[in-house]
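Scrolling down, you'll hit the structures one after another.
Heads up, the next two complexes both have chain A, just with different partners, chain B and then chain C.
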Partner chain A sequence: MAILTRADGTPDWRRRTPRADLLVWAGWFGAVALTVACFQFISDRTIWAFVWDAPAQGADLVGRMFPPRWSYASQLWKPLLDTINMATIGTALAIVIGVPLAFLAAHNTTPSRLLVRPAVLFIIVASRSINSLIWALILVIILGPGILAGIMAIALRSVGFIAKLLYEAIEEIDATQVEAVTATGASRPQVLGWAIVPQVMPAFAGISVFRWDINIREATVLGLVGAGGIGMQMQASINVLAWPQVTTIFILILATVLVSEWLSARVRHAVI
Partner chain B sequence: MSATGLPAATGGAFDPAAAARGWRPPPLIATPWLRYAVYLGALAYALLAFSSIEVNWTRAAEGVERAGRFLGGFFPPDFITKGDDILAGLLESLTMTVVSTGIGIILSIPVALGASRNLAPLPVYLACRGLIAISRTFQEIIIAIVFVAMVGFGPLAGTLTLAFATIGFMAKLIAEDIEDIQASQAEAVRATGASWFQLLAWGVLPQVRPRLIGLSAYRLDINFRESAVLGLVGAGGIGDTLNTSFDRYEFDTAAAVLIVIIVIVLACEYASGFIRRKVQ
Partner chain C sequence: MLLTIEGLTKRYPTGDLALDKVDLQVPAGQVMALIGPSGAGKSTLIRCVNRLVEPSAGRVMLDGVALTTLGSGALRRARRRMGMIFQEYALVERLTVMENVLSGRLGYVGFWASWFRRFPRRDIEEAFRLLDRVGLAHMADKRADALSGGQRQRVGIVRALMQDPKLLLVDEPTASLDPKTSRQIMRLIVELCAERGLAAIINIHDVALAQQFARRIVGLRAGRIVFDGPAEDLRAEGLTAIYGEEDWSQTIRRAEEEEEAATESAA
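Moving on to the complex of A and B:
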């Protein structure tokens, strides 16, 4: 409560009205109370003896994880390549499906605001709200374990992401250019090709590379549910408690993600 | 035809129609050799990648029929039989979301201050950036595996995981915002003789507050979505319920859980979008 007072104690300046002060205070109180209540709930379901043990467990874990077993890396190149392929092909597939969806969803390019747009928006939300791991879980049951399920899981999750960001970009384009091309007597496909697509091209490139970068990270864990890639090796190593191998995998993942992040940052700098 | 799209001035009148037909929009990658290198590289990669996939097509073909049965098992979604489990999982997910977002935001603020080059000395800056890099590199699931190994199964492991991931996400974006603040305002506050904390409160915080609130709302939304999968490795939440129902082939319950997740994510998304529009 910021209040400046004169020498005789009468208030001179205050930041908020008393009512606003009270509201802010009530807001904070509510937020803190909710968090504490929620923590109580979690705490009831926690075996605290295990938690007090955690520093010892953590030290033990680290002790078992180091040094990493470098010889294991020779078995990891193929899964690592699979992981990168999964992310890349999955992203490509998502672009192929997501781009038309984006044009159907944007309110300035959709063929029907009443029918098509809500349906496409629902597809986008459904795709986005289900994590790629859950998609993988479902697809492994349908397609069997392996890289194909991983590719499809990545693609299904990314469709919503790409379509959402792209349709927002399409809705934000400069309308005057569209008007100018329309004024030349261009047909609808021509307007699309000459006025709208060139405007969203940089956004599209940025979104695709950004999603690819995210997908590399996600592809590293899809193997946990059997969808191929380096996650399968991780799961196998954890199951036999071979922590030095897990460390090797972690380091490889870290390196791959750093490289992909650097690459995607470079590309986004170049196009934006 | 010259690069500008105009016909060469070797004679004859300027023909606007021909010029218009001859014009092509500039390509996305301006340098020709780079453009073709990218195209060729992409093609070569696609061929290599597709040839390296080992797909068991007979298994996939079986899968089509299996998919029919499987999706048939989804309908109608069964909210009732395992209603208690769904409710318990949901409650666990929601509490994990709230606590982890709260703890994550509180911890991310000092890290963000440390990771801003205009506020922090170099050693602190490097340490904070390193922490952010680690937190952002590893998927939540991987971090959850480590936390489950440390504190045991249950929602606490999930909460710690999400809090840790929140630190990386929030601190990185807030630090970028702090580095972009108007230096003149901070300087004006400093010129009044303000201490470092007063500088933060009156020079920095007012400038980053809208983004701080917007990002917090966004992260709440992400944390709920992530809490739905952490159960796969035993870190509590509705993912546990989902995983159990898949393991028991109770696909109608799984469908119900998925619908609950979609509905809540939608609600979260609308709420966080509303908050972000309000403050920005």
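Moving on to the complex of A and C:
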């Protein structure tokens, strides 16, 4: 905000000083120039013949993918169930570990802001910074291929997600409700159970169901690295170029995600 | 003397001196209004009594117990004797009316009993009796956020009474309510105090309401008590001492008129 003085001495108001105006303009100019330069750089390293060929290649692949091989579905029910189980059990495990972590991390409920909170925040960041697929790669080496590695990978990634979103919700609660319950002579655990938990319940339900929804989708790819579920079938089908089977898998995954999406919307609606 | 405050001082970490060596005595059964401009330390004073705010210096004695030196367990037991009523009601919005009322008993039951909502039968009977007394028995199973402002404040009052207190600490009970509901709530608080022989410290902005409902008025200005006397004795000089120079003639006359209007509407 800039209040200037006109030549006749009366005050004038503009959004920015002339200097700030110039800086903003230069910023925009720089951003556009950088975009053009980046495009040039990428273009130089692209083999455009392949790109112009892409529509034909795409059409060819789609042609080989249709019609889907429906008879293959009978072999997919078991891996599909594994996928859903991996997501569900992994999410449940993450909730069991993540909820206490959230209460230890939130600055209004942590037992120690100097020791416990930073340690827990580190655990949360560590868990969140590694993608489930990478967790799965590591766990397949440690635990061997199979559904257990998948469950653990999903749980390890989700702990940080759930704990982070929940501790943020805990920090945003209305403090006067906490004050009121404290004033009755309630103990700290009672204040937690009566003033804090009721306030974060909608957030908790929303976060858990949202993460389960994400985990269903993540679980479908974990099989690519050998962590069980429908992804293993997909990997096997792609390896032998059985494209009609891949289409069947795609359709099943799409249907599962649609159902999980619908279910989580229902749960969120019921709790709030 | 039920409550004795001696040399109570509170300096916030920001350096603001909210209370400056306050001395105050409240006998059992006395309803006292605490008035003063915003930032005079009214809220801090009642929060220093139940130690939601830790005083920097001074002593607070309730019924012979020095509250200011208690450890956390003993403080929780002492807090049961001081019911608190809040400006924005401070009900736990997502719990039912009955749960909010029973939360007044948290200091008397163990953690697991309270977690599973297993309260002694006489607590539940008392809760129904009090809800009936304030005209909300039919709302017991409603969620607190479904109630109107006046109804919520009644629930807040019942929660405080459930503690079986000797003293009520009341923080701006009418600031969020319309004039008619404000009068009803103040009347209810004063009546309940009389019925149960409770003392009360009522922080209030509205001088007219304070004069109408409290026998004794204490004026706080910049953390010091500058007026302490019967409600009738609060005149222009007193108001000037509390709030500063202003034409108070209208305020005092308005107070008397409103009182008449309120009696008429009640009749």
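What we mean here is this: the second predicted complex is superposed on the first by the 226 of 272 C-alpha atoms of A that agree within 3 Å, B and C clash if a C-alpha of one lies under 4 Å from a C-alpha of the other, contacts with A are read in each partner's own complex, and residues count from 1 in each chain.
One rule holds for everything that comes next: a residue touches a chain if its C-beta (ideal position, glycine included) is under 8 Å from a C-beta of that chain, and two chains touch if they have at least 3 such contacts.
All values reported here derive from a predicted model rather than from experimental measurement.
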Side-by-side fit of chain B and chain C on chain A, or clash
clash
Check whether A:Arg45 is in contact with chain B, with chain C, with both or with neither, and answer first, second, both or neither.
first
Figure out whether A:Val116 sits in contact with chain B (first) or chain C (second), or with both, or with neither.
neither
Now for A:Val181: first (chain B), second (chain C), both, or neither, which partner does it touch?
second
May I ask you to name which of chain B and chain C touches more residues of chain A?
B
Applying the touch criterion given at the start, work out whether A:Ala54 contacts chain B, chain C, both or neither, answering first, second, both or neither.
first
May I ask you to decide whether A:Gln190 touches chain B, chain C, both, or neither, giving the answer as first, second, both or neither?
second
Touching A:Leu137, do we find chain B (first), chain C (second), both, or neither?
first
Output check: A:Met201 vs chain B and chain C. Expected answer is one of first, second, both, neither. What do you get?
both
Would you sort A:Ala26 into first (chain B), second (chain C), both or neither based on which partner it touches?
neither
List the residues of chain A that touch chain B in one complex and chain C in the other.
194, 198, 201-202
Touching residues (chain side chain A, partner chain C) in the complex
174, 176-177, 179-187, 189-190, 193-195, 198-199, 201-202
Chain B residues within the chain A interface of the complex:
25, 28, 45-46, 49-50, 52-56, 59-60, 62-63, 66-67, 70, 91-92, 94-96, 98-99, 102, 133, 137-139, 141-142, 145-146, 149-152, 154-156, 159, 225-226, 228-229, 232-233, 236, 239, 242-243, 246, 258, 261-262, 265-266, 269
The answer for chain A against chain B in the complex is residues 31, 34-35, 38-39, 41-43, 45-47, 50-51, 54, 57-58, 61, 81-82, 85, 88-89, 92, 125-126, 128-131, 133-134, 137-138, 141-144, 146-148, 151, 194, 198, 201-202, 205, 217-218, 220-221, 224-225, 234, 238, 250, 253-254, 257-258, 271
Within the complex, which stretch of chain C touches chain A?
50, 52, 76-80, 82-84, 86, 88, 90-95, 99, 103-108, 111, 114-115, 156, 159, 163, 169
